[in-house]
């Protein structure tokens, strides 16, 4: 099985365990690893005229910041180690977008860290992990 | 990392993909693999006097049937293949009990198949996978 | 299914024989036929002696004295172990490896569903009618003392239960009387045998009486009342009602249709909760009357005017109905609780404390308060009205309540009958051995008494029920006295482990 | 924050100068000072000619003729593309790679929140008061025709928008008039320049008029009405209200406190939905009156008794208020819609169809029906009552509605002002270049007009508002005529791709 891994990250610090787990598996199986970060965004939110006109600019800034603050601190050390790693950033609903990115890149296993949400909150609103577990087209591993 | 895997199974037929995935990983990493089946049961259900007195007998029967009908058809071929496999059966709330079994046996990764529940149902009642993703003490992989 | 066929054939035969009396009133006929025997049995068991001019039945004194002695002997275990009992019920000490076995919660819930029922609804109404509000005080006190009796007998029930080779469990006074006393020497062994047989005989009687006829009778009375009283189509059709209930019970205990029993075991707790909530709602809606109601309860407990027998009469009524409601000391609970999974028998004793507490202290008090607050307890009310009195009390607040209560009474009665049929059968097979003939005979007899119970007047039924159920307390408590040191040893060992934290707690409270 | 300080200082200065007139009524003074100029501007723009005895302003004929021509030229695009427009709004054709950019839904919602508002609430009431129920018919017709105008101008707005090096987008008639006409040759380029400047001048005026003073005035009127009318503490305190609103608007557009605008942009859609639901509820509760209301609408559209100018007068009122409500052909929407992310400009044209549909066909019709059904449209009602008329209509069904409506009106007014301040600023910087001085000057002027608008009588404000907003339609539509072939080419190419299924659908409908 040629596995392609993807780890979904929130911020560079808070996803340590998931990244560690993913990197270890990537090392073991020499698999390609994607590090994916999703900027929470809805196509159906409301905005002001001014915001709309500046949206493109803001989006570029958001993407740039995501790479520099979240993706690079994770990807660069792994690349230096010789792993086949690539960073991905996209706007959207977190769980659905991670799955879309996984499908687009032929990922066989998505790895996520468990968020520190309370049980009640997770039950009512659903966490990213539980949602992805329901909708993903490939195997999903949630690291506590 | 010495990994110890556990695959949670519903019935011998309906968990094929999860078992396949778990077996493949066990082969690759020579990891010990537990095949766990939980008989849905609550310590707070109501029962009649007669049921209570026959409960121990029934439980023995349920465990025996779980081994013969669910566990053995999965475990035996894998054992024959030379894998380090063991079957486990216990009564309880499915997700919580799988986690308890995993903790007891030092499991590092739980593997589950995704149930064919509808999105709505899963959102309202929560599926075993989404619940386990919230509570498990080790990594949980859900295979679609 | 052949058993089912036998049962149905027998019932049809019984029905046919009844129909001969049709022109002079079947109910009346059955009543007249049974009453002399019932009166004789009652008279024999309730041999009484006069205290301050009231005839106090010896068995009642026997129950109260035992409960009091046990309470002191175990150093107020009923209060000491209250918190730990709750932890056990909640499952704080569940062994995860034993998942799938009977839990403390299940054992308690099952025992309760055989106990909560008509005793709490009809019995309380009778007590307050005959003894005034003060009877409630003595009922609560008796409930608290009864907790110690339950603790003792349930611990013994678990300790000396039998596990058959096929994994089924059998337990109860029959076993601890024989096995427990046998440990004390050959003479005690002989005594234990006698007591066990006596208990089994009375238990069979009780399963026909309070666990059967009383249930059938009172649930029928409520059905008649709610469908229009004297004018009801159902009035004087007790035998018909009896046949229907007998058929349903027969489906469960002979036909093996477990589904009915299982459904009942799920609905009964729900009905009990509904009853408690309705009662609390009435009390809260009349919160301003609660202080004066409590005043009447306490004042009435010590200064009883116009009540036959004065204070002693009031006390007698309260104690009597409490005992009848929670069955503490009677030994029936020891059977129900003995199915629990535990290797420390005393844990089930702690859990059993909650039975009289919920049954008598909580539920009976609520019923009594509702009756007092709504003014339905007026002593001029016919005390034989039983359920109707409670029904009227609740109706004064919620006009639809009699219908809910009727459903509750029918379900409580049904579930109690199923439970007692099992207790009685265990006692019966203890006496006559276990095979399909003894088994079938008992079940047919049980169904027969369902029909008899539905057809008799309340007075005769209550007296007979009391007699048989209370008689069980003689052999049971006598044996318990001898076995108290066994319980004490178990308790002390366990309590030391508990206090020192040596017990494995699987859940944080 | 230095800008904020400038703004506040200026406002305090204005307030100080007003206070001189305090003893003869500040409101009155401002009104008297502004009215002559306002009347002059109005007279110049609304040069009218008589049709069947009614003075019809030329600009209205101009709008309707353009809308009709566009409808036929694009072969009823307003009906043809209705379904596809919905698919686009729903996101069926979203490019996942463009996630995070402005979606069709967001562009439409933003444009709507600048349009839905007082025009739908006050304007309709005025139309029905002056023109009778029949005015509604012509309003709906004008709404349908207006869809084609919006389609044309919004497609052009996207096609010829500017993207600055830093990624911000600028769009609207200023750009398509210059860039679009320049493609047609040097003479057209010169014409385009002239039209663009004219448009920008009128747009600045409109942003002070209909997008500012009218909003301030009507929201204040509603506030006075709901707090007690003539007797209200607020009455004659228009200048105070104006200062408060100006301060809030100032915080957003000068202080850069985006939070206020963002909160408003979230609440406005919610209020709009509440308004529609309340309206539908009233209509449903009076379902039996709906047929006769529709009868009155249709009959009144062709046989107008007692309405000044007869049928033409009714038609005039309907068309006028529809145009004022949805601003189709005016060019403002072309600015709002041009921020969308798409590489096929015509897609935003399809989406823009929904603006007049929701604004005029749905919301205005609901308001008109409520006014007619509740009988509040009685022609003897003072037509200058505006919002109060609608408020009274809703109040007759829901007594609490005036308070909700007041909040809605305040929020609608605020959000429309924020939108128009942006449109006006874009036009202003188009004229005077972009630097902090031009920018600051415009914003101070805008805030000044907020105060002026709150202080004037309705008649003067409405006329001036109409004049400035409508004037924008002359250069805008003239340019559109020349650019129609460009739109047609875009439309045909896209439509062919759509029909042949060459477009990538990312979601199944």
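Every chain is named by a letter (A, B, C and D) in the order it is written, and numbering of its residues begins at 1.
We adopt the following convention: a residue touches a chain if its C-beta (ideal position, glycine included) is under 8 Å from a C-beta of that chain, and two chains touch if they have at least 3 such contacts.
Computed from a predicted structure; not experimentally measured.
J.: According to the touch definition, list the chains common to the neighbour sets of subunit B and subunit C.
T.: Neighbours common to subunit B and subunit C are absent.
J.: What's the chain with its C-alpha centre farthest out from subunit D?
T.: Taking each chain's C-alpha mean as its centre, the farthest from subunit D is C.
J.: Can you check how far apart subunit B and subunit D are, centre to centre, with Cα atoms defining each centre and the answer in Å?
T.: 62
J.: How many angstrom between the C-alpha centroids of subunit D and subunit A?
T.: Comparing mean C-alpha positions, subunit D is 42 Å from subunit A.
J.: When the centre of a chain is set as the mean of its C-alpha atoms, what distance in Å lies between subunit A and subunit B?
T.: Once rounded, the distance between the two centres reads 28 Å.
J.: Spell out, as numbers or ranges, the residues of subunit D touching 2 or more other chains.
T.: Counting only residues that touch two or more other chains, subunit D contributes none.
J.: Hey, what residues on subunit B touch two or more of the other chains?
T.: none
J.: Please list, in label order, each pair of chains that touches.
T.: After working through each pair, the chains in contact turn out to be A-B, A-D, B-C.
J.: Per the contact definition, I'd like the list of subunit D residues that touch subunit A in the complex.
T.: Within the complex, subunit D touches subunit A at residues 91, 94, 96, 99-103, 105-107, 109-110, 113-114, 163, 166-171, 258, 261-262, 264-266, 268-269, 335-336, 339-341, 418-419, 422-423.
J.: Touching subunit D in the complex: which residues of subunit A?
T.: 39, 41, 43-57, 59-60, 62-63, 90-92, 97, 100
J.: Please name which positions on subunit B make contact with subunit A in the complex.
T.: The touching residues are 1, 21, 24, 28-29, 109, 114, 119, 122-123, 126-127, 129-131, 133-144.
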